[in-house]
Structures are given as structure tokens and as C-alpha cells.
């Protein structure tokens, strides 16, 4: 596309790439040169949400090479289902664990998640017309079971409160971490203590990060 | 998990979150406050690779709120397949286009892509034992058809050359852009000129960005 | 100088400028455009040390336009001496206060300050051969008076301890703040409560920032 | 000062320091640890203006440890004058050259410099009432001699044009570089080719950087 036809957002992204190149290829070329010569060796697989406000690399002030990343709607991990279909998230988990040998997997949820709001509407019986979002977020449908009566009433009664969505967002992180354990190659490494699983939940309003205690299954504020 | 048991990479990520909070919640709180109060309004959906070296937010020097993001192995878009199964990438595309109303979709490929190397080995007949990576990258299998004899010989004959992988990486970006057009809600907006599709390929070795000319189907260096 | 003759450090600085231009003139041009059109309106005058490790803009994560800055050896403020000679630091203070109308002046000292080490050697009677450093740091000579016997013995006896230098570094910040009050146009505004003076001391080893309580004249850790 | 009394700009600076500490002491502690253990070894002395819009560390995307820095009004270097008075800029030059052994000195001027505007008013005969700024900028008074008739008419006639100030700003950079050569310890090293002098001028409006050709004494756009 000729330059004059580029939209403003695209032109600004290209300026960003120019700045990246100045910084990582000319100003301080060592780390990128090494990443090119030796390949990537990230220690962490991060499974985050597609939401533009919670970019995990920005949120953790990471540099190129540090985080192998999956981002999908609502940071979901489907259960292990090796049926030959297209499973993007599962493929990334397999690549990170079996090829790259990461030692940490972090599921990063967050408050005010649009995907979770879709899930709540779905479970409250609201009519939904979409092709992919509803089937996708239904991965976490069972996460709502313990709360479902409450859910229905909450969603109908207390519009504007964000307490209930936060409960669901955290439950979904828990489900994703549980689903990770259904992958044999994950479970094996967790049991051998060469792989750690983490569930995080970022509160967009306050900037606080909460972590799942994998023993008690409760979230606590991380220092 | 008590603090003393945290691994070094995890402690460093938490320090990064602390720095993010200092910067975006205390030092310059305006943009994040606005993103929380008004919700996200990104203009761009970026579909990038999970590779840790090509984080699209870093590569384009973006800020929170700018890029709605999918990241999967080899930046693949599956064809439109509304069968009720779990389609993470398709769900994100649907959310970005139908709910958020983005005006640009960028498929961002890159050189030295491990997923593409897997695809090449797969198509060259190499025995592969995995559950998800091979089925996933086979989305782009047809991208290799025009080159397939060449592929076999290349992969067997010219170890060390990276020319052939680059050809495939670019062909895969082309396939992903083509597959985007199989989504009715994408095609409709492209035809109405309210949505633009872009195929980019980042050369990790040189830092150069190449762009797909959607008319000629050829890649050219972007300024 | 033709490009091929530029040294490596210079080439890297130029790459940095290229990155700055990409970021502040193309990627996010709004703030720089405004600073050009409307001129500078910093609220803060920072008087810092020339030491390369304690750049105040980096240390406070500032953006262009925020800090009017003096940097000299040992962050010294000379006493008010309007004798027509060249007084660079006094000129900057005058410009910041009378022309720009800043509301805060911060004197930023730090640990492991080479200028202060020179002052200590000077006061301990060591023979010194320089043209400018010794006369310059002698501005703060009286800061050592309360400690001077102690100084001599300390410097001779306790090689390796960094306690004594820190005492002096803080005393020098105190002296600089006191000297600020000898400028009539500073004193006037402080008494009218339109200008605040601050003395800070940054501990390079720990990253902690200490602040001078202008009432008790003691330094305390800042949150 | 108790926390509740801190002004907004001060609270934001403190948040910046918190972010710096998170980044340089916890997230990526290696470089700062080394700078503390081994001391500073900058290769460059930068002599820049106090103007808040042209912070040299930001402008060159530098990291702690890279630039030994002087900042004063109008980036002036006084002539060598070892008379025992307080010469802050000369002391920093001496420390950088004789103690630290820098290999490059850069004088960094810029457009829209308030100090230079003061100098122009002064030389055009305008009555000026200040204690320090006029004497200080008069260091560069002789820089205007070749232009002085022109100056008077320009300043009186062509309000709004910024051409003439730019001519003066560049002449002042030239004077500062010339004055550097009056310092015996500078001249000696330049003649031995162990020290390089540079004159730069940054155009705030366009973001372009111009460099002084020390042979022709003319400024040219740097790539």
C-alpha cells in the first residue's frame, strides 16, 4: 500500500518499529543479536487476555526474549483434547513446554474482562448471537457452577457492581490452571517439580496483582 | 506461594509489575484511569506469533490500550469454521471486529519462526510426534503447495540456508490474511472499506519490516 | 566529521537520537509539539550532580518538559554573589525562579560522589593539584566544620567504610539548600509560600531516596 | 515534610523514583550493581542546556552510567580562568577529562533557547535587570560580533522569525567548543587524538540534529 494511503494508526505503528530498530539494532544491539544467533530461551509461558489494556510484556516491563506468549479472549486454557483439530492455545502450550522447556506457566487474568462479561450473560440465559465468542468462553462455563444461582440473581439485580464479575474472572483463572494439569506433559513436569504453574489476576482499577495459592485455591494480594 | 519460594524469573516479573504500577498508576495516571473508566477502544487487532523475541507491543512501542492482541504459534488464522468448537483465534477476531469495531487487522509474521520450521519438517515427510503443534500449523499447509517439490529438496539439501523458511513464513502470512477474508463479518467490512487488512513480516536478523501488497500479493520493504 | 570516522559511542548516541525522534516526533508527537508551540513550563528546578550514574531525569522517570536542570560536580549551590562574574549555577537558578516561575527546587545529592571524596581529601590536608575541582567543591567546605576532627581521623583510619562520606554528602545537600536561601528572589518566594525547597540524597547502593526535613535538618527515608 | 503536604509534582517524582528502583534494582539489577561496585566509567562528557525540553539523556536514549553531564543556561563553556573562583562548568570539565578520562566531549545546543534570546536582547541594547543570567550569557557575547549590526536590526524588525536566533545558537556552540580548546588539559588530549570535541545543535521543531564540522566550522544535518 503506498505510504500516502496509510491510516494514522498504521503510520504511528511504523514509527514505533523505527524506534524499536534504532533502540534494539543500533543503540543497544547486543541482546537482540544474541537472541537471533542463539534462538529464544524464555523461561516463562504467559497465557494472557487479548484485552489491549493488559499487555503482559508492558505490565511486567519485559524485554524481547523473556516471555513466550499466548493471548486469547479471557486467557483461557481448554482441556487436553488431542483430536487433530486446530487447537491454537494447546499448540502453544505444547511448544513452550516440550520444545522450549519453560519452567513457569502463568495464567494472567484481569478485572473488567469483556470475555468474562460475555460468559456471565451467556450463563444468565441471555440470548447471544455470535459464532465464536460464546463457544470459546464456554470453556470456563463450569467455573460458574458453584455460583450459578447467585450469578443469575447478581447479573439481574446488581447492575453496576463489579464484585461478581471479579469472582468469575478469578474462577476462570483457577479453571485455566486446572485445565493445564489435564495435559500429560504439563502434569508430569509439575509432579517432577521442573515446572511451576501460577494463576494471577490483575486489578485494572487499582493496579494491584493478586496470586492464586495453588494449595488453598484462594487469591491473595501479591507484594 | 510464600515469597521465599518464588523463583528468580517470577520475582523479576513481580518487580516489573511494581514498576508498571509506579509508572502508570502513580507517575502518569491519566491514560490508565481513562482506560478503566471508558473501557478499551483499540483501533488495531494484531495477530502475532507466540515467539518471545517478537512481542508486537514492544516492536511497535505501543502503550496500554492500543493493540487488541492474539498471539499463537506462527501467527495463524484458521479458516471460518463456526461449528461450536473451541476456536480461540476466531473468537478474538470476532470480538475485535464485531464488539470493538477495530479498523485495522495486522497479521505479523517473522523470520526464524519455530512453528514454521515445524511445518516445513511436517511437509517434508519427517516423522513428527506431537499432539497439537503439527495439527495447528497444518492450517497453513496449503501455503506450501506452490513450492512443495522445492520444499522437499530444499529442506533435505540446503541445511543452514534460511531463504526457504523465509519464503514459507511470508506465504503463511498471506494465507492468514486470505483466511481472514473467509469470515463474513470481516469480508463485509473490508468491502465497505471500514476495515483494512495488513500482512507484515519482521526480519529478526536485520530489524527490517516487510509489508504485503494486497494487490500484487508480494512483500516489499516498508519505510 | 564523515560518518566512517565516528567512534562507537558517538554512533550509538546518534542511534538514540533517531529513536527519540521516532518516538517523540512520529509515534506520539503531541507532547513535543505542545512544548515547541507553547514553550517550556516546568514546575521543578532540579540541581543534580554530573555523575553519570544519577541522571535525575532517568531516576525520576521524567519526560521532556518536566525538569529544568542544573548539573555540576557535587550538586553545589554557591552563595549569592552578584559580582558580574560567570556564575552558571546561579544564572540557572535565577532563570528558573524569575523567568519560569518554578514552584519547587530540589537539590539531589547521592552516595559515592567523587566530588565529595575530593572535598574530603582536600579538608584532610592532602596535597591536591587541580585548577577547578578543589576551588569548586570548597563551596561546601564549611559543611564539614562540625565534623572536621572526626573527618581527618576517619579518612585516615577507616579506609573502606563509606559511612563518613555519606555524612558529608548529606551535609553538602544541607549547605546547598541553605545557600539557596541567600538568594533574595528565592527567600522571598519561600517566605511567600510560592516556592518549596527540597534536599534529597539518593543511596546508589540500595536505591533508597532520603529527604531532608527542613525543620529538623535531619534526613529521613522517603516512602 | 509529611507525605500529606507534598505537592502533586513532588509526589509524581517520588513515584518515578519508585519505578526506577523497581526497574534498576529489582527487575534488571545487573547494570546498576556493576556501576556501584566498579564506579562510573563514562566515555562521554555532555555539556547541555538546562532547558527542560532537551534533556540529553532522554534525547539520546541513554542509560545510567553513560553520560557525565553538565547542564547550565545556554550550554556555555567559559574560557579557561584558573583564578580560584567558583567555576562549576570548568570543574566538571576538569573532572571528566583528568579524573574520568572521557574520550568525547559534546556541546549540545538547541533551537528556541531562552538563554540565547536573553543574550540577543542584551546585545541589542535592551535594558536588562538581572543578577546572573546576563553576565553568564555574556560569555558568548563575542559569538555575535560578526553579526552584530544584523542582530540589532533583526531583533527590532523581524519579530516572529526564528532564523536569527538559530544563527546565534549555533555560533554559541562554536564558541563553547573553541573555549574548550583554551583548557590546556583538553587541548593536549585533542592534539594527542585521545579526546574528540563535538558541537551539536538540536532543532526542537523538527527533531533534527545538526553537527559542527570542526574543519569548516559549518553545521550540517547528521544522519
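The letters A, B, C and D name the chains in turn, as written, and every chain counts its residues from 1.
The rule we apply is simple: a contact is a pair of C-beta atoms (placed from the backbone, for glycine too) under 8 Å apart; a residue touches a chain by one contact, two chains touch by 3 or more.
Just so it is clear, the structure is predicted and the values come from calculations on it, not from any experiment.
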Chains touching both chain A and chain D, listed by label = B, C
Request  = Between B-C and A-C, flag the pair that has more C-beta pairs in contact.
outcome  = A-C
Ask   = What whole-Å value do you get for the distance between chain A and chain B if each is reduced to the mean of its CA atoms?
value = 15
Ask   = How far is the middle of chain B from the middle of chain C, if each middle is the mean of its Cα atoms, in Å?
value = 46
Note = Taking each chain's centre as the mean of its CA atoms, chain A sits from chain C at a distance in Å of 44
Ask   = Residue numbers in chain C touching 2 or more other chains?
value = 15-16, 19, 22-23, 27, 61
Remark   = Per the touch rule above, chain C residues touching chain A in the complex are 11-12, 15-16, 18-19, 22-23, 26-28
Query = Which bits of chain D are touching chain C when the two form their complex?
reply = 1, 3, 7, 9-10, 13-17, 19-21, 24-25, 32, 35-36, 39-40, 42-44, 50-55, 57-73, 76, 78, 80-82, 84-96, 98-99, 103-104, 106, 112, 114-115, 130-133, 135-137, 139, 196, 198, 202, 204-209, 211, 213-214, 222-223
Message = Which residues of chain D touch chain A once you look at their complex with the stated criterion?
response = 22-23, 27, 61
